[in-house]
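Listed below are the structures to be examined.
Paired with subunit B in one complex and with subunit C in the other, subunit A is shared by the two complexes that follow.
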Partner chain A sequence: MTAAPETPVSSGPVPLAPPRRLVDVTVDGEQIRVPEGSTLLDACEAKGVDVPTLCYGDTLTPRNACRICVVEVEGARTLAPACSRKAEEGMSVLTDSERVRHSRKLVLELLGSSVDLSTTPGVPEWNERYGAAPDRFGPRADPAPLGERDARHAGEHAPVDGAAAATVEQPAKDDNDLYVRDYGKCIMCYKCVDACGEQWQNTFAIGIAGRGFDARVSTEFDVGLPDSACVYCGNCIEVCPTGALSFATEFDMRREGTWDEERQTRTTTVCTYCGVGCNVTLHVQDGEIVKTSSPHDNPVTHGNLCIKGRFGYQHVQNAPGKRQARGGGETMV
Partner chain B sequence: MDLQHLDTPPSDAERAAVDALLGPPESAWEGGERTGTDLRRADGGQAARGRRDLLLPALHAVNDRIGWISEGALGYICRRLTVPPAEAYGVASFYSMFSLHERPERVLHVCTDIACAAKGSGRVCDALKARLGPPGHGAGPEGAPSGSEPAWVESPCLGMCERAPAALAIEAGDPPAYAVSAPADPDALCSAEASGRPPEGAPTALSPTTFAPGRLAPLPAEPPAHAAVPQAGGPGLLLLGRIGTTDPTDLDSYRAAGGYTALRRAIALGPSSVIREVTDSGLVGRGGAAFPTGRKWAGTAQRPEAPRYIVCNADESEPGTFKDRVLMEGDPFSVIEAMTVAGFAIGAARGYLYIRGEYPLALTRLENAIARARARGLLGPDILGSGFSFDIEIRRGAGAYICGEETAIFNSIEGLRGEPRSKPPFPVERGLFGRPTAVNNVETLVNVLPVMHMGGPAYAGIGTGSSTGPKLFCVSGTVGRPGVYEVPFGATLRELIDLANAGQEAPPVPRAVLLGGAAGGFLRGDELDVPLTFEGAREAGTTLGSGVVLVLDDTVDLPAVLVRIAAFFRDESCGQCVPCRVGTVRQEEALARLSGGTGDGSDVALLREVGAAMRDASICGLGQTAWNAVESAIDRLGVFAGAPPARTSLPLTTAAPSNTKEAQ
Partner chain C sequence: MRSDRRSPAYQRLTRPLVREDGELRPATWDEALDRAAEGFRGAVRRHGPDSFAMLSCARSTNEMNFMAQKFTRAVIGTNNVDSCNRTCHAPSVAGLAAAFGSGGGTSSYREVEETDLIVIWGGNPRNAHPIFFQHVLKGVHNGARLFVVDPRRTPTAEWADRWLGLNVGTDIPLAHAVGREIIRSGLVNETFIRRATTGFDEYCELVEPWTLSAAEAETGVPAGTIRELAHAFALAERAQMCWTLGITEHHNATDNVRSLINLSLLTGHVGRPGSGLQPLRGQNNVQGGGDMGAIPDRLTGFQDILDARTREPFERAWDTPIQPYKGKNLTQMFEGMDEGEVKALYVIGENPVQSEPETETTLRRLGRLDHMVVQDIFLTRTAEQADVVLPASAAWCESDGTFTNSERRVQLVRKAVEPPDGARDDIEILCALADRLGHAWKTPTAEEVWNEVRALSPIHRGMTYTRLEQEQGLQWPCYSEDRTEPTYLHRRLWSEDPQERGTPAPFGIVGHSPPVDLLDEEYPLRLTTGRRLDDYNTGVQTSGFSSPLRRGELLEMSPEDAAGFGLEDGDAVRVSSRRGSVVAPLSVSAGLRPGLVFMTFHFPDQVDTQLLTIDATDPVAGTAEYKAAAVRVEKVERAEEVEGAETGDRAPAA
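Now for the complex of A and B:
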């Protein structure tokens, strides 16, 4: 009964797209023409205005949940999310007004005070740009024990005295050999859920559960991934903007302090497992593959892979003396 | 869909509860017995997924009969409806009235919201705590619920403010039973006989209702709806006229009092003339946003897509609001008739009435009213020989204030999490099931009946220039006769409060009035001459909202009221967008510091900054208004004016933007 989404989820190259009308919009006082159906974010990018984004995904339908990309549309009562609001003829947009800067600053502070953003790219620079001070809400509350947040009941919370700022921090969920879910770093961007669900993978292993500050990404009844519908495609890791979802290799190396992206090379090649021809980018540090990804603009994958392309690289480096898989040296997969 | 389902089988009772709603499963693919023909079936596709909107009713079916939703039950529902378990879990865990852990069959919901707190809900909670232990659903870290004792929870506003403090007892069973205790009596609530089933009362309903008829022993019977209407039986009432004078369970009684003449008139006029009358009447939405009803209907009617829907928003949850409950309990047929008129006007064949889960009596009355209207051909095919076919389906919420938001209500009906959608597109373009939809509040719809009777221009003559018609106000708190009052727009707040204090020798002196509910704002006791119109309220820097007039006197701890409002918004935020999800938490924390004596001026500044971002950058009205009442209390009432000056250790990096008001 539910109608299909209005816009296709991907914008891969499609030959002979119908010509689109152009609409005139004003961004920060300068006029710009963008094709009809473009978002304000597209218009800002076309003009070279840098708009911070977190929950926006280049391969996903915008959820406009994080609100860091808000812009001021002339005449509108509230700010509009640039990632999803369509440009309309004659629209006038401010991207750096006092209201915009204030809301962006507060979004950064609210997230920074409640979530571990230490592995989120862009945050230090944005904090400086908008003068955000996430620690001004007071000392952070202690992390919750594993599973405590998942057991919370909608519509109620423990009494508050304001002595500490509540956070979503909790131990990482490390229940399989391939990837780790560190929900203390989760900003609830919905991207992993959309990638797992009807936008890409159609596996539906995870959903959003709970409500309000206790909303969380969860399997049914918080069962471990091995008991869930998860097929370990890792497409959720591909879209995660904060590092809450990461390869077990990356998680372990970060914990050991050996993760160093500056020492890593990226090589894009073609997956050899089947005939589809997906592009796989191998991230290599010190001669070892430490994680894989896929180019989002690749017309075959749009950034998606299957378990084999994503995690099945051990044979490349399974020589004696090399780093062994987790869990006692057995080969994964 | 190729879904992986949970392995745990449902219990017989759980299976029976779901099958009672959905019918028996057709194959093993749907969770039935495996037979030889199962391998020769082709299930799935749109047909299987198209029943997603039955998810919420199915969750209710299990929760109603068992008291909670187990893995086996959720798994069975998922198989029956082709819903991924992770998504169904996300939906079930969204609602506060569902439990995903085992809990006692009887759950007591004790209202601790503003009106009830002012009337002593704290004493009720203390008594229950002493008898039953701390609040909760009975499944703490220890897990197992304790014997046959009921569980009790603190609840947001139950919409019974005129009888504060209120408590609602719901007992799972087949059928489930309920009772209201208001003013709440802890002795009766935790009485040893508590597990008794309701007495067999004379059934007044035509067909079985969701809840058992009669009350849950040993709690007293609920007073009739007109007990909440001090003006009941008085002359000149356009909206409340039938309450207390007609039998709310009897269609003939309704028709004898002028019922269904509006629908006849509408059918005689034709859809476009109905919309013109409503437009001419100047009727605007009574739910809080005050959008012109005629424009909404015209916008929906002129869309080319079909089918179109009418949704009646009866998810009345704004703290301090109970007018829709009184209308539904006291005059349910008027809601059904008005929805039919609306459906006729916009060309809808189906209407959904979404009622909050905390209103079992209103639900029962509406179920009965719909069954009786259907039996008489006033719902169904070819109504009154006009060729117009229309029917109404009731959908029951399960404890989520946000589902009263005009797009969250669609998601809730569709079996998704009750999260508001991003606008545009607006409901008139893409609403329920992606189709053009008109969403109207109960009171708004009921106003359509006098518009049909007297005509748009005559209706527009009531009230003031841009606020036309009669308006219901929910007066509660420290007044002589709390209840629902009908006054024409333009009366002043003082006149309304005087009306509610009529006959009092020494009426209490209001210190503050909360106008419009938790999303509204406070007025001082010396600001009572503000006219109760949309423009008058706007000029006074406040809002009528849903018509809440909550009067507070000197005995009320205002900082505690603000903390309660902040806790309410934190609990009821859907969690989708950052400003609201985290902002409501930071707001509560700062208010807790200020009211607890550890806060200072920097916390007030912090509140302003967080509030400005919530107002500017939240997706929906909940986040956008979550700071309204707190702001007005600081600015108008001077709450926290005595807070110590800001310490320098908390840097305020930039000044709050100019759209927040400076302290007076």
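Now for the complex of A and C:
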């Protein structure tokens, strides 16, 4: 030690959040104590009970859209979504009752029959756990041509014959060099809309269009991303639970069969652009950066980045020629 | 409007280069390092250590910056070390240090979410600091009012309760008028002024001429809106004053910063949770580079180089005397090249040929050096001028270390990918050169370097790598391993005990000085510069990815001026200043007021905006006036004129 430590000029209490009371709840017959304001999902996690979630996001206000996290609250008429229901003193919760299992099974079957869940983590395991059989509604209907679902209007439907299960499947929208929107995988969880809207990015490039089964995430008037208000922050990709939104790199590698998360390392460092100091997690496969994300609990970013932080890494690798967006769908090259 | 003239992405350097018969040719690492060291040794032998200058890298780690300044001070024996810090926020550091004795922003991002009033002055964080702006928007959604002061109606201004569109370079009249209105309305914080400041009476005299109507005439902002800002700022329970380069890239930038600090002193909006001053830094580690001592007047930990007591521990640790006087800052280094005082230059990761104003002057000055070594990841325009080029690794993802952000948070940088074959780590290169110059530094790990920083810098002492990992970064000051300090600075100013209160903060007695480059009939338009969302600085890094938003270089002009000049969106126009001229496509933009035009400097290989800018610099901090040039705009009729249409008024150096 070569220099005498300087005496701190100001010493005193550091302002902290006010202390929170603790509440006692019972999860599957076992008592657990959680801070006031915790959700039932927090209580289940604290007890080590696995509750499936899809539309829940740790950086977002719950939307209660998917209903897969429902639990049975003693004395309540209906099942409660664990991700948003606050724990209350004396509450007793069942996470694996017959009602809960039946409800989760149905959610998995309805989603699985109508949406491509092939890149949604956890689904095969949950299907097995709850005995869900998404194919019991019959063979899947053919994917819609590109743009067909976007052009639908409320009340203009032909009657269906029930011979095939209706789906939201359609070709991926690949209209820019940075990311791909594959809405055949979209479960309408609203997370991308909330991340783009006032919860984080405040750009409002996307919203919900249409009603009922035609409801879909859309830019204004369904214009392509380059003509929309999108600023390519990728914060929608960060929260997408199903892979409907993905980096062009990931989309291409999955198509080529080279995407392999087990071979990827994830290293969190600090962005190289402005002085805000965003933490960036680099996903590296075979020595190449293939994707970026940001830790959701980081005090600087809360999981968000801008276009430079999200996509501006390419200068460090002498990547081959630039990718060409394929336009609308897979058939167009 | 979109400009299609683009440059290809830069390719990474993987082999050292040395100059032979006027051309750069590949060389082995040993040959290149020998040549680099020999050139430095020769310059020092012939002209003394002060003929050497180091441009350290605000993009690289704290550890690299510490080693670069140690190399300069301990191996060469001079304090001539600086970085592009000088071209952006040195005035913020100088202004804050003059008022509070410490050169960092005083509050934290989190406090912006929990404040009552946010003033963003001379900045467009919606585009230039997007994630900081998310904290601002949290504050706005929580009920804070937002005032934006900027000549352009930027995407940031679009979120504001009030936009104050002032004339370029009239920040001081506006700030003084706000101050006068606060005083005249009896809204000053008398307790704070009495306890914690000096020079209040002089300040009252200073601002007295700046009535609301006088300020309206000078700034172009309606008197009622100035009054509104004054009352909102003075009456807010908590208020944040944030600024970026619209304040600092002026010839009187330190004065601009002082004029904003005055408003916080007047109202007591400093040293309390939610109240403070935040300069938003423009580069990942420009705060840290200065904190590490890669500046000519401070040692590691922002310690005054003129103070023998702060030099002593460094001299003991490095077993070498440290010069007891300030070195040359970046601006003085370049002037010193003209005067033959600087003969050898070591540039680490900087691109002054394209980032300094007046490109031709910079090239001429570099041409006068005996020896220039450039260490970079790309063959930049600056590297093309070098005698030796050393291929480096990219600090942020190919090395371990730390960066320090705008809220003084030191965060771990981790190696995620291997550098390309042939490139080497910055610290390893510095150590190899030190070794050749007689200092056997066995290459330390980043953590070992950091522990040396902690031993020498009290404000970093408590930050072990383990703690930085566990706590997702720590803000300085952090004196001890077992505690954290408040997230805001200068609480001492509020203490009732004069002993603890320490040195009071002086009001800055600063006068108005309009931009140096005057408008006249020949050059009637004010050109200001800035960043876009998806591009960055000289474009070397951002050219690597394909952005759907990228529009290339454009001249943005108000609809009124475009109509007046008979110009249309997309027309090729020649933009001329007293120093040079460029051709760019015109973009008509409603965000600009009549008389104001805007360009970036992201595409220097297509349109070199720096041919137009002026190198009038701030006398305190040495930052150039990028934000205010006088230009005229003419339509280019013939297509062939568009090709290779750049001219400077001086011949480039050979």
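Throughout what follows, the second predicted complex is superposed on the first by the 301 of 333 C-alpha atoms of A that agree within 3 Å, B and C clash if a C-alpha of one lies under 4 Å from a C-alpha of the other, contacts with A are read in each partner's own complex, and residues count from 1 in each chain.
Here is the rule we use: a residue touches a chain if its C-beta (ideal position, glycine included) is under 8 Å from a C-beta of that chain, and two chains touch if they have at least 3 such contacts.
Being a predicted model, the structure only gives us computed values, none of them experimental.
Engineer: Just checking: does A:177 make contact with subunit B only, subunit C only, both, or neither of them? Give me first, second, both or neither.
Structural biologist: Only subunit C is touched by A:177; subunit B is not.
Engineer: Give one of first, second, both or neither to describe whether A:106 is in contact with subunit B, with subunit C, with both, or with none.
Structural biologist: After superposing on A, A:106 lies in contact with subunit B but is clear of subunit C.
Engineer: For A:98, using the defined touch cut-off, is the partner it touches subunit B, subunit C, both, or neither? Pick first, second, both or neither.
Structural biologist: first
Engineer: Name the contact category of A:27: first (subunit B only), second (subunit C only), both, or neither.
Structural biologist: Neither subunit B nor subunit C is touched by A:27.
Engineer: I'd like to know which partner A:202 touches here: subunit B for first, subunit C for second, both or neither.
Structural biologist: both
Engineer: Once the structures are superposed on A, label A:244 by its partner contacts, choosing first (subunit B), second (subunit C), both or neither.
Structural biologist: neither
Engineer: With the two complexes superposed on chain A, say which partner A:153 touches: subunit B (first), subunit C (second), both, or neither.
Structural biologist: In the superposition, A:153 touches subunit B alone.
Engineer: After lining up the shared chain so the two structures overlap, which partner does A:271 touch, if you call subunit B first and subunit C second: first, second, both or neither?
Structural biologist: Second partner only, subunit C.
Engineer: Of the residues on subunit A, which ones does subunit B touch that subunit C also touches?
Structural biologist: 1-3, 202
Engineer: Can you list the subunit B residues touching subunit A in their complex?
Structural biologist: On the subunit B side, the touching residues are 1-4, 6, 46, 50, 52-53, 71, 74, 84-90, 93-96, 98-101, 136-137, 153-154, 156, 399-400, 414, 417, 422, 424, 430, 433-435, 567, 570-579, 581-586, 588-593, 596, 598-599, 606, 609-610, 612-613, 615-619, 624, 650-654, 656-659.
Engineer: In the complex of these two chains, what residues of subunit A are touching subunit C?
Structural biologist: Residues of subunit A touching subunit C: 1-3, 5-6, 8-10, 12, 14-15, 176-178, 198, 200-202, 225-226, 230-233, 265, 267-279, 282, 284, 287-289, 295, 297-302, 304-309, 311-319, 322-323.
Engineer: Flag every residue of subunit C that touches subunit A in the complex, lowest number first.
Structural biologist: So the residues of subunit C in touch with subunit A come to 9-12, 59, 109-110, 128-132, 134, 137, 141, 159, 273, 280-287, 310, 313-314, 316-317, 377-378, 394-398, 403-407, 409, 411-418, 420, 455-459, 461, 472-473, 477, 479-480, 484-487, 490-492, 495, 500, 502, 533-534, 536, 540-549.
Engineer: Can you check the complex and tell me which residues of subunit A touch subunit B?
Structural biologist: Answer in residue numbers: 1-3, 63-68, 70, 78-79, 81, 84, 86, 98-99, 101-103, 105-107, 110-111, 113-114, 131-133, 136-138, 151, 153-157, 160-163, 165-166, 187-188, 197, 202, 204-215, 218-221, 228-229.
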